[in-house]
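Pasting the structures in now, so scroll down.
Two complexes, one shared chain (chain A), two partners (chain B, chain C).
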Partner chain A sequence: MNWISSRPKILLMLAPAFILFTLFMTYPVGYSLAFSLTKFQGFGTPRWTGLDNYARILTDQFFWQALVNTAIILVVSLAVLIPGSFALALLLQRKIAGSGALKALVFGPAIIAPILVGLIWVFILDPKIGLLNRALAGLGVPAVTWIGGNTLTPYSVAIVFIWSSIGFAMTIFYAGLQTLPSDVMEASALDGATGWQQVRHVTIPMLRATFAIVTILLITNVFKIFELVYVLTGGGPVHRSETLVSYMYYVTFTNQQYGYGMALAVIITVLGALVSAGYLMLSSRKGDRR
Partner chain B sequence: MRSLILRRPLKQLLAAVALTTSTALALSACAAPSTPSGSAPASAGAKTEITLSMQNPDVKTADPATWAIVQAFEAANPDVTVTVSGEAVAEHLQKLSIAAQSDTLPDIFWVYKANAEEMLQAGKLLDLKPVLDELGITSELPTSTVENFTSDGKIYGVPYQELLTGLWVNKKILTDNGLQMPTTFDDLVNVAKTLHAKGITTISNGANQSAFSVWSFLVWLDRFGYEDKLSGLLDGSISYNNADFQRMYEHIAQLRDAGAFSSNVSTQTYQQAVSQFTNGKAAMLDAGVWASSAIQESKVAPNIGFWQGAQFSDGVGNQNIIMDVASAPLVVSAKSGADPTKLAAIKKFLAFYYGEKGQQILVDNGQPPVTNYQATVDETTQSVLKVALEAASAEGVSSPKSQPDLLVSTQVANAMYDSIYGVIQNQLEPKAALDLVQKALDENR
Partner chain C sequence: MSRAVAEPTPAVASGPRQPLSPAKRKQRRTLLALAAIAYLITFLVILPILWIVLLSFQPSADILNDPLSLGHLGLANYVNAVQSLPLLRMYANTFLIAIAAVSLGTVVSFMAAFALTRMVFRHRRLQSAVKFYFLAGLAVPVYILLFPVYRLDLALGLFGTYGALILPYAAVSIPFNTLLMTGFLADFPAEIEEAAIIDGAGLWRLCISVVLPIMRPVIATILIFNIVYVFNEFPFASILINDPNMVTVSLAVSRFQGQFTVDYGGMMASATMVLIPQLVIYAFFQRQIIAGMTAGAVKG
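So, the complex of A and B:
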């Protein structure tokens, strides 16, 4: 054990991870931070502008629209995806015929690349050529602007996101359910707890850590939504359906405003971290009270 | 005991190092630049390689004219290899930005005019004037093109292709519905109202991932005095939100209200807009000559017309104009120009591209020539292109010096596209659309 416990050897073994982390994480983050304080359009020399880019965010109507859209997607996803995936996991835990095939079907969308998910759904949701409006037309319902309008697009994106993510979240819950000790469940049953009471007072409290993981993953994934919006609407009309990341991409690469784009990236990172940290604090307080 | 502990991990460590090294070597071999399809690998010392970086992810398919020129050039110049690469516009510009900072720019590349001028100021581009003069190309290019790509007495670029834009018209749809080819804006509104009543799209556009596809409306800007206002717009002495442009944007709203556009213009891509037109489901397509090949291959080809766009009784200046200008330039990196061997190969390439053979290849692939070359157009296989070329050379028609979006920064150009599509999609009132562009102009000053 002496061989690996000496300080130089520990440092030597930590070095590859440290170097890689610095190269691929710390350096780009620092680089972005530095560029966020400049005006730089990709060519020529960056011009130092201090906090101007951050001040500009306050008056950028498209940024606020993107923030509202991201918040809508987050709230809808949290409200539907967490209970939905948990319920699916409970259902599939039961020994029912065809549960294996059902698991594969539910998980299927999670392995499709987001860009393809977007392509599939654009043919369903397009207001003119989409399957959904064609089906509704058959029932005499007038065409609905599911995507491409200025109201329903974020909700449609949320639904597509839920469709593509529910299998993954369900799998995490399913794995969590497998770790629950059977004696606790049996004891609660002997005490006369109904199925719902078992779920509410035994299963959910014991899966608190799993709920936290799924929620944090959901929050970070919502903050990363890009391809779905890019394919479904391209952020339009006139940026009405942008999410934070798709708008940041537009500003940085389409508009070639690298400095302002990096300021947006910094703000998005901070927002994502704050929402996740906020959730963790809330859930840990709740846990402490119990 | 100690020696045992030492020996086994050491062995494992050495094995791990060996494995890592071999993997890294294998990966680096995989990552070595590959020879693009169609280009022969350069044998050491025998060939000079020049790199050509374009704004299309698949140059062979998406830009057959450039691909054909490269192939013909390589066949005629076996001592030079042209390595062609390409990405979508945003990725291409991002790549160039990184390359400019690391001084690894390609030898020849496509770039926006505004970016090219920044790069020229930073000393990254070669002054092509001596080269073009020596090759006799300067005198073959239209004067407006040379002026457009000149800054501080230096010519920094040559036109990649000609930008001949307008509205392709399916004349059969018009005649089937008792309509005439429109001339004025009022005629166009009348066409839109009639066709909308019958469920037919008048102008096929697609905003999704192609917000730039508003070519015919950019000509409108010139019909409301854009060229005369440009310097004032850039220095802040004239607002984009002026009475002339206000009238123009109100006309876009009128056209929208007449039902001229497809109901899914927001979610439709440019390619889908082209399909809508070539499938006979729209009377007009907002595009340019680059769409001629797709139209030629479609069932609507026999009925095709090319319209310069609506003329306005309340417009400013000459209304009988058509957008027939140089597109964004091809430029040469200063570093490549400093290498005599590379420079000689680049000269050969430019001489071929802007010579008679290169220009005829452009025409053969559905593009008008960018020089004064009198092209031969096959009336049977290129009937669609011929219609557009005839419209451009019609009696009394003139062209602006450049397309409006090519004279401003990328941010302002994007704001222009957003403002036009914003009104088309009923997301912005004309005044809000004008303010959007003015804001971008202010931020760029």
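So, the complex of A and C:
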């Protein structure tokens, strides 16, 4: 391969991606970091304020509310999605008539634009016109403020997130199940392992990497939730239902506090990375002990 | 017959079928129960979509008062929606941006991936450093880029053109494309390529008529993944486009609530008109789409 590897040729092949990537990813990240240290309202020159923006985050009650909301969405989603999508993968692996079609249908919501997912769920969750409260009214249950109230919105957002992610997570688990060597499964069945014992002591330990991947992907995706809140409540009332990214979007683009918005973006990025890294460390340490 | 003794439960007449052993029967019953659960879950997942489609045929008054009544179903909402939506425009815009951004992102990533796996660098360290540089982009969330890219588009004179979206979409696809392409090429022996070089193929012919065909499956995955991304993308579009003639599908959807306010029927018909084409395409290519969207997780 030396033949084709002159220096100009290497440069020519690398340059387009390198320039595009540097200009539209590396440079913007640096720009955000720099602007997070300034006060800038979109006109005039940005004023250097050091770490003031970061200090302000600590006392910004809306930020903390958004953090709590995101944490609620994260915990609820993981608690439902990890066991739920894994169980669904196990279920659809059985010889059920039409399981191929079921898999495709359950995956369906994952290809719908998040902005449209939000709109669809307005008509399920809306306290006045939503399907859910209509159904509950039919059962004699009084109306519940699923969205737009003071407390329930993050849980409702979690439900919507679960809806749009369960097929995606299930598919990854399903692919993982296909890679399990059938002789191991047969051997454990011959040893008299019942279905549940087999899942508990053979399948789950062998799929540890898959569990880690699904968890990390879901964590990253929860930290990116924005459109759902944007459509369902717009973050209201009074920022009660913001997630981290929707609040950052509001500060930056609605309020035009660019410096503070960039500080929020930096902190959210770091938080997301920390949660993922923390999970990886925990799960790999558990793996070592075995 | 001695069989009767072994069976504690009196057999319900099982018709002409061969009588099953208790274990088999229990197994079959479990499977039926599991199937019922699977069907129920699937129904719950598609219920919201069915609901939207149903509402789209109802007059707005019925949506408010009696959404389950099926007496006045009709196409009035669709007439209304088609009149007030620039459907053709928004699809044309989205396709144009998607095709340009995904082609650009795929071509530059292909060139880079070839250089990073096949070409011989004088400093091997540099080669892995560049690869790592691209892959590090996987850890960068899009929302940290929004404002800087907006400023950059302004500074480069791109704002107000399709390029304002095409370039960032192409750029954010590079890390994932590089991951899949270099992974694929690293696993694929270079012997065919070496033979082609001995036969006198130059760099371009080697790339286009030898490497490109080999990489077809991974390129298909990348195209699908990125087209779905661009089609559904909202945050960038909401900031980088302010010309009503340039709205994308996602951007148009985000304005339905403001546009139709309490005309819920019109809103639902519009949502359905965006949803159904997407689901039809998905129905045709579901195997490839599912593979494409989960490739990063399954292979990575």
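To be clear about the criterion, the second predicted complex is superposed on the first by the 269 of 290 C-alpha atoms of A that agree within 3 Å, B and C clash if a C-alpha of one lies under 4 Å from a C-alpha of the other, contacts with A are read in each partner's own complex, and residues count from 1 in each chain.
Please note the rule applied: contacts are C-beta pairs under 8 Å (C-beta built on N, C-alpha and C of every residue); 3 or more make two chains touch, one makes a residue touch a chain.
Bear in mind the structure is a predicted one, so any value in this text is a computation, not a measurement.
More residues of chain A lie in touch with C than with the remaining chain of the pair chain B and chain C. In the superposition on chain A, contact is made by A:N255 with chain B only, not with chain C. When both complexes are overlaid on chain A, the residue A:W48 reaches neither chain B nor chain C.
Look at A:Y230: by the touch rule set out above, it reaches both chain B and chain C. Of the two partner chains placed around the shared chain by superposition, chain C is the only one that A:M25 touches, whereas chain B remains out of contact.
By the touch criterion stated above, A:L217 is placed in contact with chain C alone, chain B being left untouched.
Using the contact criterion defined above for the overlaid structures, shared-chain residue A:I4 touches chain B and also reaches chain C.
Contact with chain C, but none with chain B, is seen for A:F123 once the two complexes are overlaid on the shared chain.
Within the superposed three-chain model, A:W64 lies out of touch with both chain B and chain C [touch as defined at top].
Taken together, the two complexes place residues 1-4, 122, 129, 230-231, 253, 258 of chain A in contact with chain B and also with chain C. Every residue of chain A that touches chain C in the complex is listed here, in rising order: 1-5, 7, 9-10, 12-14, 16-18, 20-21, 23-25, 27-29, 31-32, 35, 88, 91-92, 94-97, 99, 102-116, 119-124, 129, 131, 134, 163, 166-168, 171-172, 175-176, 213-214, 217, 220, 223-224, 226-227, 230-231, 245, 248-249, 252-253, 258, 261-262, 265-266, 268-269, 272-273.
Remark: chain C residues 31, 34-35, 37-39, 41-42, 45-46, 48-49, 51-52, 55, 63-64, 67-68, 104, 107-109, 111-112, 114-116, 118-122, 130, 133-134, 137, 139-149, 151-152, 167-168, 170-172, 174-175, 178, 190, 193-194, 197, 202-203, 206, 228, 231-235, 239, 249-250, 253-254, 256-257, 264, 267-268, 271, 274-275, 278-279, 282-283, 286, 289-290, 293-294, 297-298, 300 touch chain A in the complex. Contact residues on chain B toward chain A in their complex (touch as defined above): 2, 5-6, 9, 90-91, 93-94, 96-97, 100, 115, 118-119, 121-122, 124, 207-211, 262-264, 266-269, 409-411, 414, 418, 421-422, 425, 427-428, 443.
Across the complex, chain A meets chain B through its residues 1-4, 41-45, 56, 122, 126-129, 143, 147-150, 230-234, 236-240, 253-258.
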